[in-house]
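In what follows, chain A forms one complex with chain B and a second complex with chain C.
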Partner chain A sequence: MTRDELKDKILTILTEDFEFEKPGLNDNLRNDHGFDSIDAIELLGKIEIILDFSLTRDEKEKAMEIRTINDILDYIEGIVQSRNKQPTSV
Partner chain B sequence: MKRRVVITACSAITPIGYDKRDIIESLRQGKSGVKPLRDDGLLTKHIHSRVFGTVDYPIEYGFKRQYRKTMGPVAFYACQVAKDVLQSSGLSRDYITSGRLGVAFGSTHGSPTVQRDIYKTFFNDLDSKFSSIGAVDYLRSMVHTTAVNITRMFGITGRVIASSTACTTSSQSIGFGYETIKYGMQDAMICGGADEYDTTTVAVFDNLLACSVDYNHKPHCTPRPFDAGRDGLVVGEGGGAVLLEEYESAKRRGANILGEIIGFGCNNNGGDMILPNLDGITATLRLALESAEISPDDVDFISAHATATKMGDVIESQAIAAVYGNGPLVTGLKSYMGHTMGTCGVIELILTLYMMEQGFIAPTLNLDNVDERCSMLRHTRQLTDTAIRIAAIQNFAFGGVNTCLLIKNGSEADS
Partner chain C sequence: MVVKQIRNGSFGHLIDRLIDCTVTIACWSWFIFGFLLFFSWPYIAFSLFSKNPEIHFQKLNSLFYRFFFRILKITAPRQKIEVDKRVAAIKSSVIVCNHLSYLDPLLLIALFPKQKTIVKTRFFGAPVFGWIITKSGYLPATCEGRFSRMMIEQMETMATYLKAGGNLFVFPEGTRVRNGKIGELHMGALKIARMHQAPVHVLQIRNSDKLFTPGRFLFNTRIRNTISVKSIDCIEPDYENEPPSTAQLARRVRQSFYEKQI
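Let's look at the complex of A and B:
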């Protein structure tokens, strides 16, 4: 999956499931969209579906550093790279 | 320090309406909110009782996802009525978030709908669906979900009391809220309860042979409190909230005083968890009168718990007769909507406030032939135009918990 494809997928999730209005890639998720710790856990569940594998506890804890949509994309790409595995459910 | 506590706003979602006018019309016209039990695709086919006090009208919630994500159906009812009372109160955002306002709110067991979804996931394809158990499922289903969804939605930072004592849930919420203000721990409390559509509760009472089954083909004819032909309770759904405020500050800000809580009695039977207990109930009614420092003769109207079970109504009649004789008019308001479980206390209090304001007492529906064991009371058999000065709201729960709230007409708050 290219970064653009991944971006479209994440934006769809954020607008449809999380009801973000006009999300920007560098918006602060918490300040601009009210994204909180509960949302972060929900989003990780959706990322696992995209990746088609379960994230480890360490990988999930790293997600707590995410602040923007670009950070989400970097995070997913980093996971895939480190596992040397491409998402399969695309 | 003992301070006076008044009711300055209320809202109820009930099987006989949400809008105050609809509820009053139902009470005046004798309209029942009991409908056929809707199919849940799981238990319904095994349940003998096919009636339910049903909320079947649309409600425009308009809650943002930010709040919806932690809410099961029960919290929707709770937050909607809490929103109504805060909006009609005119309290400022600064006051609401100041810590001077708390919440006393509960439900019978959180959200059974969400709990059922969790169990479905557990028992079907657990391996592949484990991750589909959402991070928020606990927040939606937990027993204090109503209280803390209210605090979250409105930024309330005061005390939280999350009573969960089945049929006395919301009357305890109001009673404990009243005492919290009376003794100076908070200046205002949002109090109430909610319970969602749930067939588990119906199944429990059905198995105890406590549910109505003889009127499945004509739901509006049941429940029948105090009637010789009663055959059990009807489970229902709904939500209700009242705003309680310390009297002097409410008066200073020009709040509309709907009523005053003047007494609260609460105790336990100290024994059997199911059977009604004459001594325990009688003691509760007396505790409330002592708390209010009034005599039984001062009470004009009793909203009886009156679930229409065979023994419950008889024991309650004996308790009322022992304390009040046949002075006050007695109505079983569950005859209009069934037993809304954790919500019944607050709904019955709000209906009583409406009747106080309008100057009438609704009759007990379906009371065609009074059971002779209940006949010593002054039953309300027809719509009665009369002033209510002081009313008692009685509720009793599984576990042997009993409550009695005494309220005074708001127009008499200054007298």
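Let's look at the complex of A and C:
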């Protein structure tokens, strides 16, 4: 999935499920949209559906540092890359 | 007649203060000696040997505060506590309640054997109390630093907890409201209700502030007072077909509070 496709999916989730109005990629999620830690945990559930795998607790903990939509995209790309680097067990 | 005159004078006022002081000391002593003598042992035992200490800690919390209110009832007979029958039957729900006094959370813990609530993060660092609320599975109000893991752990088990009959109660105004107006509602608990498709019960506590007035140390036991806990609304949205937004849930809660003129 490209970053643009990912961005579209995240924007759809934020506007439809979290009722964001005109979200900008660098908006401060907390200050501009009232996005808090409980929202972050709910969003992680939706990210798991997009990625089709479960996030570890450490990965979820990292998500608590997210501040902008660009951070969300970086976070997801980072997770995917780190999973791809992991050696597959035989 | 003479007794009445004495009680109306400054001597009477002194006696009243002494009664207030005695009741206050009796009740708060329970926190120290009741815990040390009777409750510390089961807390430690469940902490060490139970596979699910959380549920046992919650039951112990509830029992501890039931004793607290029993002591209050005995030492301050002019105080009555009336609880709506529907309140005691609430389970698997998010409960939102107005907040008048420090007694309010104690009252709700006493009422619900399976209870969680959202607690200011600074309390998690308090000796003993911090340990108890952590083991009880209470949620931190913010998610910074070490609290992020705690919050994630709690949210991962919240669905199971609610399904098993547990309640999450909160004071959505966040703090005690002294001027009688409704404060800004914190959305956290309503977001949890929406996420886990739980009903939202709106409770109204009255007159707890008359017994334990914010800013005062002593209980005010001299007046006749009835503290009541009533269920004023039960919001059961059609989550499957018409899931409400958090803002819609908040509006309904505010409306319930307004209608009851909290």
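To be clear about the criterion, the second predicted complex is superposed on the first by the 84 of 90 C-alpha atoms of A that agree within 3 Å, B and C clash if a C-alpha of one lies under 4 Å from a C-alpha of the other, contacts with A are read in each partner's own complex, and residues count from 1 in each chain.
Definition applied: contacts are C-beta pairs under 8 Å (C-beta built on N, C-alpha and C of every residue); 3 or more make two chains touch, one makes a residue touch a chain.
Note that this is a predicted model, so its numbers are computed, not measured.
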Which of chain B and chain C A:41 touches, first, second, both or neither: both
First, second, both or neither for A:54, with chain B first and chain C second: first
Contacts of A:64 with chain B and chain C, given as first, second, both or neither: second
First, second, both or neither for A:24, with chain B first and chain C second: neither
Partner chain in contact with A:78 - chain B first, chain C second, else both or neither: neither
Shared chain A surface residues [contacts with chain B and with chain C]: 19, 34, 38-39, 41-42
Chain A contact footprint on chain B (complex, rising order): 64-66, 69-70, 131-132, 134-136, 139
Chain A residues within the chain B interface of the complex: 18-19, 34, 38-39, 41-42, 45, 48-49, 54
Contact footprint of chain C on chain A as seen in their complex: 19, 34, 36-42, 57, 60-61, 64
Interface residues, chain C side, partner chain A - complex: 142-144, 148-149, 151-153, 155, 187-188, 191-192, 195, 245-247
